[in-house]
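These are the structures in question, set out in turn.
Look at the two complexes coming up: subunit A is in both, with subunit B in one and subunit C in the other.
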Partner chain A sequence: MLQFLVRRLIVALLVAATVMTLAFILTRLSGDLAVSIAGPNATQEDIELVRKAYGLDRPLTSQFFDWVGRAVTGDLGESYFFKARVSSLIAERMPITITLGLTGLVIALLVSLPLGILAAVRENTTLDRVVQMVALLGQAMPSFWLGLILMITFGLQLGWLPISGTGSWQHYVMPGIVLAFSAIPALTRLTRAGMIQAMGSDYIRTARAKGLSRASILLKHALRNAAIPVVAIAAVQLGFMLGGSIVIEQVFALHGVGFLAWESIGKNDFPVVQAVVLVLAVIYVALTMLADLMNAVLDPRLR
Partner chain B sequence: MSVVSVTTGPRRGWKSVSTWIGAVIVGIAMICALFAPLLAPHDPFAQDLGKRLLVPFWMEGTDPAHLLGTDQLGRDYLSRLIYGCRISMLIGVTVTIVSAVIGIAIGVLGGFLGGRVDDAVLFAITTRLSIPVVLVALAVVGLLGSSMHLLVITLGLLLWDRFAVVARSTTMQVRNLDFVAAAWCAGCSRFRILSREVLPNIASHLVVVATLEIALAILLEAALSFLGLGVPPPLPSWGLMIAEAKDYMFFSPWVIVIPGIALFVLVLGINLLGDGLRDAFGTHRTDT
Partner chain C sequence: MSALLEIEDLAVSFGRTGAVRGTSLTVERGETLCVVGESGCGKSVTALAVMNLLARGARRTARSMRFQGEDLLGLSDTGMARLRGNDMAMIFQEPMTSLNPAYTVGSQMTEVLRRHKGTPQRVAVDRAADLLARVGITAPGLRLGQFPHQLSGGLRQRVMIAMALMCEPKLLIADEPTTALDVTVQAQILRLLAQLQRDLGLGMMLITHDLGIVARVAHKVAVMYAGKVVENAATAELFASPRHPYTQGLLRCVPVPGKIKRDEPLGSIPGTVPRVGPDFEGCAFRERCSFADPTCEHEIPRHQAGGAHDFLCRLPA
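So, the complex of A and B:
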């Protein structure tokens, strides 16, 4: 178990290091950063001033190692536009993104677990086909568009929910539903497949032979086994959702990390952009590690 | 990784219906994409400020010359929709070609050679998955300026993971089969075995992945264009059409409903077709 943990941790660190390098290269893609920061009306002197002030006159390698050295200690640099520490900017906005991600995940699980179980129990019936159709429909739904349609219907015409902002829990309902759509198809299919596999196994036959009730067989025996991959994928999906929430934060004007990144891209605020890429990647890596761990704990065969 | 049970009698009938629906949708989209200039009733770029926001045919006060109405600049919506289909299809297919070349090359090499190479491939896939696609694509386009070429290359470089995963796992299965061993014994070169024995036998899986990727690329392009960092205006990308019409959506909801439904139906059609192909080839679901 310990060996498994150490191996996963080393891979995770290597991935984080690679992403760091890629994020650094990414923000240097446009060529001369000083020119873009100084803006279109800047004179040559302005550009030189910016270059000096932000340390962009140093060689790329020293800029890179400087950034890595600081990032390891939690210092992600300073934002050009907001004139604040990047780490505190992200810390300030993260609760909104996490709330949105968790809301989306909970809604996705509340929808896909029952749907997947239903489809598995009634395999190859009309109900099963309807559930699979729902998954396909969800997969084809453009999330930003769904957000706008919900805003028109529930926000404007029915007046049930607030359209944008983050004042209360109601503000997270529509964005949460939209975000959930991206995870529902995968989670539903996985639950269905896991349940079908579990229902066909020997221990279910034994449970049936013992005369246990249908509900007890389904929920206590089959679901517990089918849930292992679902729980693991749910953690991974949460990682994807945090990364994908940038579009939804923009639609609903939720000022989370995604919104911050979007603003920073528009303002050429490179320290923020590279930091957000890094932070989201690290969260994703941590979540997949958690998923692997859960798998290993729940299913000893995987160790 | 999941295995879906074998399909039986009644399901097959429904499956063929849904596959046909998908095929028809994709067929219509391809015709629109290829023959857009012939099909569009108007110039999709021609503005007519005297005819702004005309309503579509199902509402009162519609102009018969503009079946789906006009946008906020008086451009014919049907014509923009048809040209938008061309952009969606073009981006979906080209992005998928770029990502297929990368993903299949990486995946087949890892699966075929195993060992250290495979470790490196797995690491590349893990790293790729940890990178937030939308954010990085937005950042690249934001830094380098929006253009179709850039968008295709960026998305192509980001979306190869599923090709790699499927190519790798299917190559591993094929590698150990008898006919590959026979080819080794016959003295075939590595390249010959890869191109003549392995690739044809994993192709059906890859075709299914390709349909999923086309659909995903189309959705991503629309989302990026919607955020203003995808296809540059005045090109009629569906995502851009929704973004431009957003300010008018509360009073004229159809301005966002029409391009949104087009996007939804096209992606659904591609996925239905992909699902049908999966069953026809007898391949299992390898994605989740």
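So, the complex of A and C:
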């Protein structure tokens, strides 16, 4: 187990290093940063001044190692636009994004677990096919479109939910639903497949031979085994939601990390962009590790 | 008093295959009935039909099916669940996969008792430990806390047996309980089952294709072929004077030390068990039988051969 953890940790560090390199290179590839920071009316002199002030005149390698060296100690640099520490900018907005992501995940699980179990129990019936169809539709639906439809229906026409901002928990309902929609199809299908496999297994036959109740057979004996892959994917989906909330935060005007990334890209505030990519990647990697740990908890054979 | 288990004319079909076609069996209290036959003859399906554990898509019919006088056919799913694991228990052919990998041995054993008798967990744990010791498992306390993957196949089958005994069942159905195990372990498990059967006065329905097992543990034997019982007899009677050509063929396939000459080839029955439809007429063994003639294509009478010995063949008793 310890060996397993150490190995996972090494892989995680390698991934983080790769992401840092990519984030750095990609922001540089977007053009001459000094030109875009200085603005369209800047003279050549202004641009040179900017280049010197931000250290962009130094060789790329020294810029890179400088950034990496500081990032490792938690110093993500300073935003060109906000004139504030990048780390505090992200820390301020992180709770919103995490709340949104968790809301999405909880909604997704609340929908897809029962749906998947239901579809598995009624395998090859109309109900099963309807569930799979709905899952497919969910996958095919663009999230911004779904977001707008929800806003028009529940926000404007029915007036049940606020359509933008972060004032109360109600503000998270609609964006949470939209985010959940992206995860529901995969989670439902995985639950269904896992339950079908478990229900056909010898240990379920044993559980039935023991005269256990249907609830105990389904939820205690089958779901526990079917849930193992679902947990892994759910953790990865959460990472995906945190990163993928860029569009949703735009649509619902939630000022989270995704919104910050969007703003910063527009303003060529590359220290922020780099840092957001890095932070999200680290969270993603941490979540996959958490998934492995939870699998080990659920499946004694992995311990 | 009624028999422990009484099945009359049981038929199970999966679509157009008749897995069991009119099987009648009786198990008395404290008696071991061995059901023998080749793979695919309907032994396991018969057992699963008794427990009502058949896969979805199976059709089960019978003239009557009674357990301790109670009609099993009319029983609801909950009524059946009340009996299963309680008064009738079953162990399976696959010890490696029959325990849930996610729960400890102890948790899987105690839940039966909690479910059927409402026994408090602490008392149930004690009983589980007692039974593990009883089935020959050393350090039962340790085993209770272990997961199935930490146990060998033989140990897992012992756990399955102990688990089946948790509620003191009257009937134990054992579906080829030793097939998947090493030969040395097979003998141990069989000895254990025979001993438990005697000590606890269990009625046992033991399904096997191994005639060596039959000779050692059975009180009486039912030989199945293609979904029908072709011969019923007390064990000694069956080995001494088998009447059905199929039974005779089966017995020729068993090497008996001292009786078989060194260079004499062991018997075999050519061909395999045919898949027949539910309405198949005549003797299903006729394709492989050296005594077959055209009358075998028609309804075959069941001959009595004295006592509890009967067989299904056109040849006279």
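Definition applied: the second predicted complex is superposed on the first by the 297 of 303 C-alpha atoms of A that agree within 3 Å, B and C clash if a C-alpha of one lies under 4 Å from a C-alpha of the other, contacts with A are read in each partner's own complex, and residues count from 1 in each chain.
Everything that follows uses one rule, which is that contacts are C-beta pairs under 8 Å (C-beta built on N, C-alpha and C of every residue); 3 or more make two chains touch, one makes a residue touch a chain.
Just so you know, these numbers come straight off a predicted model, no measurement behind them.
Peer 1: Quick check on the superposition: with subunit A as the shared anchor, is it clash or fit for subunit B versus subunit C?
Peer 2: fit
Peer 1: Does subunit B (first) or subunit C (second) touch A:V276, or do both, or does neither?
Peer 2: In the superposition, A:V276 contacts subunit B only.
Peer 1: Could you say whether A:L298 touches subunit B, subunit C, both of them, or neither, answering first, second, both or neither?
Peer 2: second
Peer 1: After lining up the shared chain so the two structures overlap, which partner does A:S112 touch, if you call subunit B first and subunit C second: first, second, both or neither?
Peer 2: Neither partner.
Peer 1: If we overlay the two complexes on their shared chain A, which of subunit B and subunit C does A:A209 touch? Say first, second, both or neither.
Peer 2: Second partner only, subunit C.
Peer 1: Looking at the overlay, what does A:S201 touch: subunit B (first), subunit C (second), both, or neither?
Peer 2: Touch partner of A:S201: subunit C, not subunit B.
Peer 1: Is A:T99 in contact with subunit B, with subunit C, with both, or with neither (first, second, both, neither)?
Peer 2: neither
Peer 1: Going by the contact rule set out at the top, does A:H221 touch subunit B (first), subunit C (second), both, or neither?
Peer 2: Second partner only.
Peer 1: Going by the touch definition up top, name the partner, subunit B or subunit C, that contacts more of subunit A.
Peer 2: Here the partner covering more residues of subunit A is B.
Peer 1: Tell me which partner A:Y284 touches in the superposition: subunit B (first), subunit C (second), both or neither.
Peer 2: first
Peer 1: Of all C-alpha distances between subunit B and subunit C after superposition, which is the least, in Å?
Peer 2: Minimum over all C-alpha pairs of subunit B and subunit C: 12 Å.
Peer 1: Under the contact definition given at the top, report the residues of subunit A touching subunit B in one complex and subunit C in the other.
Peer 2: Dual-contact residues (subunit A): none.
Peer 1: Flag every residue of subunit A that touches subunit C in the complex, lowest number first.
Peer 2: It comes out as residues 201-203, 205-214, 216, 221, 224-225, 298-301.
Peer 1: Which part of subunit C faces subunit A closely enough to touch in the complex?
Peer 2: 51, 53, 77, 80-86, 89-90, 92, 94, 97-103, 111-112, 115-116, 147, 149, 160, 163
Peer 1: Considering the complex alone, what residue numbers of subunit A touch subunit B?
Peer 2: Its residues touching subunit B are 11, 14-15, 18-19, 22, 26-27, 29-30, 36, 123-124, 129, 133, 136-137, 139-145, 148-149, 152, 156, 186, 189-190, 193-194, 196-197, 229, 233, 239, 242-244, 246-247, 250, 258, 261-262, 265-266, 268, 273, 276-277, 280-281, 284-285, 288.
Peer 1: Across the complex, what residues on subunit B touch subunit A?
Peer 2: Interface residues on the subunit B side: 2-5, 7-8, 10-11, 14, 18, 123, 126-127, 129-136, 138-140, 142-144, 215, 219, 222-223, 226-227, 229, 239, 242, 246, 249-250, 253, 256-257, 260, 263-265, 267-268, 271-272, 275, 285, 288.
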